[in-house]
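For reference, chains read A, B, C and D in written order, and residue numbers begin at 1 within each chain.
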Amino acid sequence: MSRAEIVESADAAVAGIEDGATVLVGGFGLAGMPFDLIDALIRQGAKDLTIVSNNAGNGEVGLAALLAAGRVRKVLCSFPRQADSWVFDGLYREGKIELEVVPQGNLAERMRAAGAGIGAFYCPTAVGTPLAEGKEEREIDGRKYLLEYPIKGDYALIGAHVADALGNLVYRKTARNFGPVMATAATTTIVQVGEVVEPGTLDPEAVVTPSIYVDRIVQVAARHYTVQGAR
Amino acid sequence: MSRAEIVESADAAVAGIEDGATVLVGGFGLAGMPFDLIDALIRQGAKDLTIVSNNAGNGEVGLAALLAAGRVRKVLCSFPRQADSWVFDGLYREGKIELEVVPQGNLAERMRAAGAGIGAFYCPTAVGTPLAEGKEEREIDGRKYLLEYPIKGDYALIGAHVADALGNLVYRKTARNFGPVMATAATTTIVQVGEVVEPGTLDPEAVVTPSIYVDRIVQVAARHYTVQGAR
Amino acid sequence: MTTTPTARAYAEAPRSADHQLSMEELAAVIARDIPAGAFVNLGIGQPTRIADHLPADSGVVLHTENGMLNMGPKAEGDAVDPDLTNAGKVPVTELPGTAYFHHADSFAMMRGGHLDVCVLGAYQVAFDGDLANWTTGKPDDIPAVGGAMDLAIGAKDVYVMMTLFTRSGEPKLVPRCAYPLTGIGCVSRVYTDHGVFDVGPDGVRIRETYGIGAKELAERLGITLS
Amino acid sequence: MTTTPTARAYAEAPRSADHQLSMEELAAVIARDIPAGAFVNLGIGQPTRIADHLPADSGVVLHTENGMLNMGPKAEGDAVDPDLTNAGKVPVTELPGTAYFHHADSFAMMRGGHLDVCVLGAYQVAFDGDLANWTTGKPDDIPAVGGAMDLAIGAKDVYVMMTLFTRSGEPKLVPRCAYPLTGIGCVSRVYTDHGVFDVGPDGVRIRETYGIGAKELAERLGITLS
């Protein structure tokens, strides 16, 4: 990936996302959710998408709006069911969307593996449970593990706090969540930030996502959604 | 691991390290090398040690001094041979020390796996080379990988820049190197730092090693060794 | 996959209270049993209450799997920050010495066995420590696992906090779980309104009882006292 | 394990210079071929020189595997900091926009295929891209691999910079490596004092020649021109 490009609008940032693409979408509930990029993706029109995200949308905004627009073929997530996930719930019950449930830690580690060039890894989570079905099991040093494969994205849409003009990113509090991992796991990583600063402004010791992982950056206005209490 | 303990001296920090222990030693060349802890370990007297570190000592100080004192049975490292690694070279040629050469990235990733509860992982490094001997090979999605197992330490000795009193650590520039990974991979992690500050002093966004990984901390005086040009 | 639950089970002079505990009282009991200075993850729902009962000087450090160590109490009023929530997505605060990290690092911390204690809710726990807490397995249920399976295998000690009986009076501490499993043999202790139990490869053992005798409790659960 | 090196090899109207290149001139040639804005790792030894030939406005970002992106030039005098070195342990500087990370993150960056170009030295390169650069395999040699094997498989393009012949005149670009391998089929281009070559599954192809004709060069290397 060569140097990150700073683009003028969220629409420019999501240009070119193809029908059928796998899109990693950051955020844990609303914290870190890249709302502007998702709204732009809805306008852009790509359909038949596979979405990888921790949840499957809240209320009528963000991912939920993308789902409601009928653009998503499949969701790969850890926790679709929430107090306000009625859009997903409806589509799922009508058989209009595929769901693959992945334990939250596996979701993160499988994306890390994709970003780190790991072919597969043996993981202790889910051994002996229904989610172990179809997975290779191996005993290592007296403990049982399941073989887990990388999850790679064609695109990642993530929300960060501040970028420098090279593409280095810092996040804010628990809004960091999946962003740094998804940035490594996608062919093209698209980031919305509250502010873009000159190189040299961010503390080199505190950069969380180095510029090599970032392809497009758009600065957006701050926007706060109500925090809900559902997982 | 419960809360980190701040101890008064490097000698107190290394108390209890048993003969035959596996000790992960941080540093890349001299940067990040925990000299005071190694000197204390020499005074402490534990022998028959297995040392995991990137190199096998420089000149007559640090790891080289530990080797010269005859305390090390085996070294697991990526690059023993350096312009000033005469202590190791001599012991090796005399058959007085075992050597296991591990590619640098595997050394890091295998320790990460130990810290992260990963049972083993498929890695593309060293396929088709002499270092692949005896390792399981598997083709995944058209690429060949070798199965690599975790490297776990009984102890880690690492050098960091600043700790807070809870045990959170920050590092300085490329002296960070193996420290954060080793801290996760050892049963007992022992850290020397230049300064201990009150909790709340370090930026929570910039903490590199969270306190959960740290068991003992000792504050030491700054000490600078000549930087050599060998790998 | 799961081992046959052992029939061996015993109780020895348990401590007791003269009444069933409320969930609030139970939270206080669990808080009492968490060692000073421990690193602890409190699951969503009832276990969250335990935080309120930890002594201020306990030095217990709370982990939340969405990426934070040294989490403080629930945020109120102006302290609410949409970028700072716990795993239940409830706004929380930070304490001096907080550290933030991303999801892969957070779950590596759990799965690598670095947490001392994790307290979870449950539908059922088996005498041998099997845990069922993620889905009822009903056909119309939308499956959702979150971090449950990672938490179940991730701490040195996994405690469960639950009522001992369902509303219809069925025990939730059982010889073998009927619900889909979250993890096998992972629970070491079960805290309930009627008593506290050790579970695991050696079977179930009554540690404390609340408002019921050990003998009667054992009978209701089908535990053979040794 | 290694595939048989293909006998197919070709050259088409290569660019050329009228003299063999010095290592300094060769570094300039490589610098010219590195795309603007690329993320690049320059191996220890000769490849380090390439940095001096990158145009100031190239936007090339240098990675050093000991944990840094956007590394600056070698440190001199007071700028020397024992905590800031490159992979060869030579003191270096940082540029605005530097980021530091630990070794596992640094090698994840390489092995995940995120670097555009890596330039390495070599003992031998095979026509099919096999690389030998970590040990001569002599019995009295102390084996030491460092990051060589990770670098070999870690970049989108792996270039080799070396003299084309040993001091005794033996070619180092060969049908099959005699030295122990660092990686298989990993090199895509070989820059030498006598010329530049593409290597890989389709065999070897002469791109440029320096102070020697393509025909004569092909003969010396045992390459069949197609």
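In this text, a residue touches a chain if its C-beta (ideal position, glycine included) is under 8 Å from a C-beta of that chain, and two chains touch if they have at least 3 such contacts.
Because the structure is predicted, anything quoted here is derived from the model rather than measured.
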Touching both chain A and chain C (chains): B
Of B-D and A-D, whichever chain pair has more C-beta contact pairs: B-D
Inter-chain centre distance, chain C versus chain D - centres from mean C-alpha coordinates, in Å: 55
Chain B-chain D separation of Cα centroids, rounded to whole Å: 29
Centre-to-centre distance between chain B and chain A (centres being mean Cα positions), rounded to whole Å: 33
Length of the line joining the C-alpha centres of chain A and chain D, rounded to whole Å: 35
Where chain D touches two or more other chains, by residue: 94, 100-101, 107-108, 110-111, 153-154
Residue numbers of chain A (touch at least two other chains): 109, 112, 116-118, 123-124, 171-173, 204-205, 208
Touching pairs - complete list by chain label: A-B, A-C, A-D, B-C, B-D
For the chain A and chain B complex, residues of the former touching the latter: 109, 113, 116-124, 138, 140-141, 143, 145, 149, 170-173, 203-206, 208
Contact set on chain C toward chain A in their complex: 1-2, 44, 64-68, 80-91, 94, 100-104, 106-108, 110-111, 130, 137, 140, 142-150, 153-154, 180-184
Touch list for chain B against partner chain C, complex: 1-3, 112, 114-118, 164-166, 168, 184, 198-200, 202, 204-205, 207, 210-213
Parts of chain A lying in touch with chain C, wherever the complex brings them together: 28-32, 54, 78-81, 88-89, 92-93, 99, 101-109, 111-112, 123-132, 171-181, 208, 224-225, 227-231
Interface residues, chain D side, partner chain A - complex: 35-39, 59, 61, 63, 69-70, 94-101, 107-116, 153-154
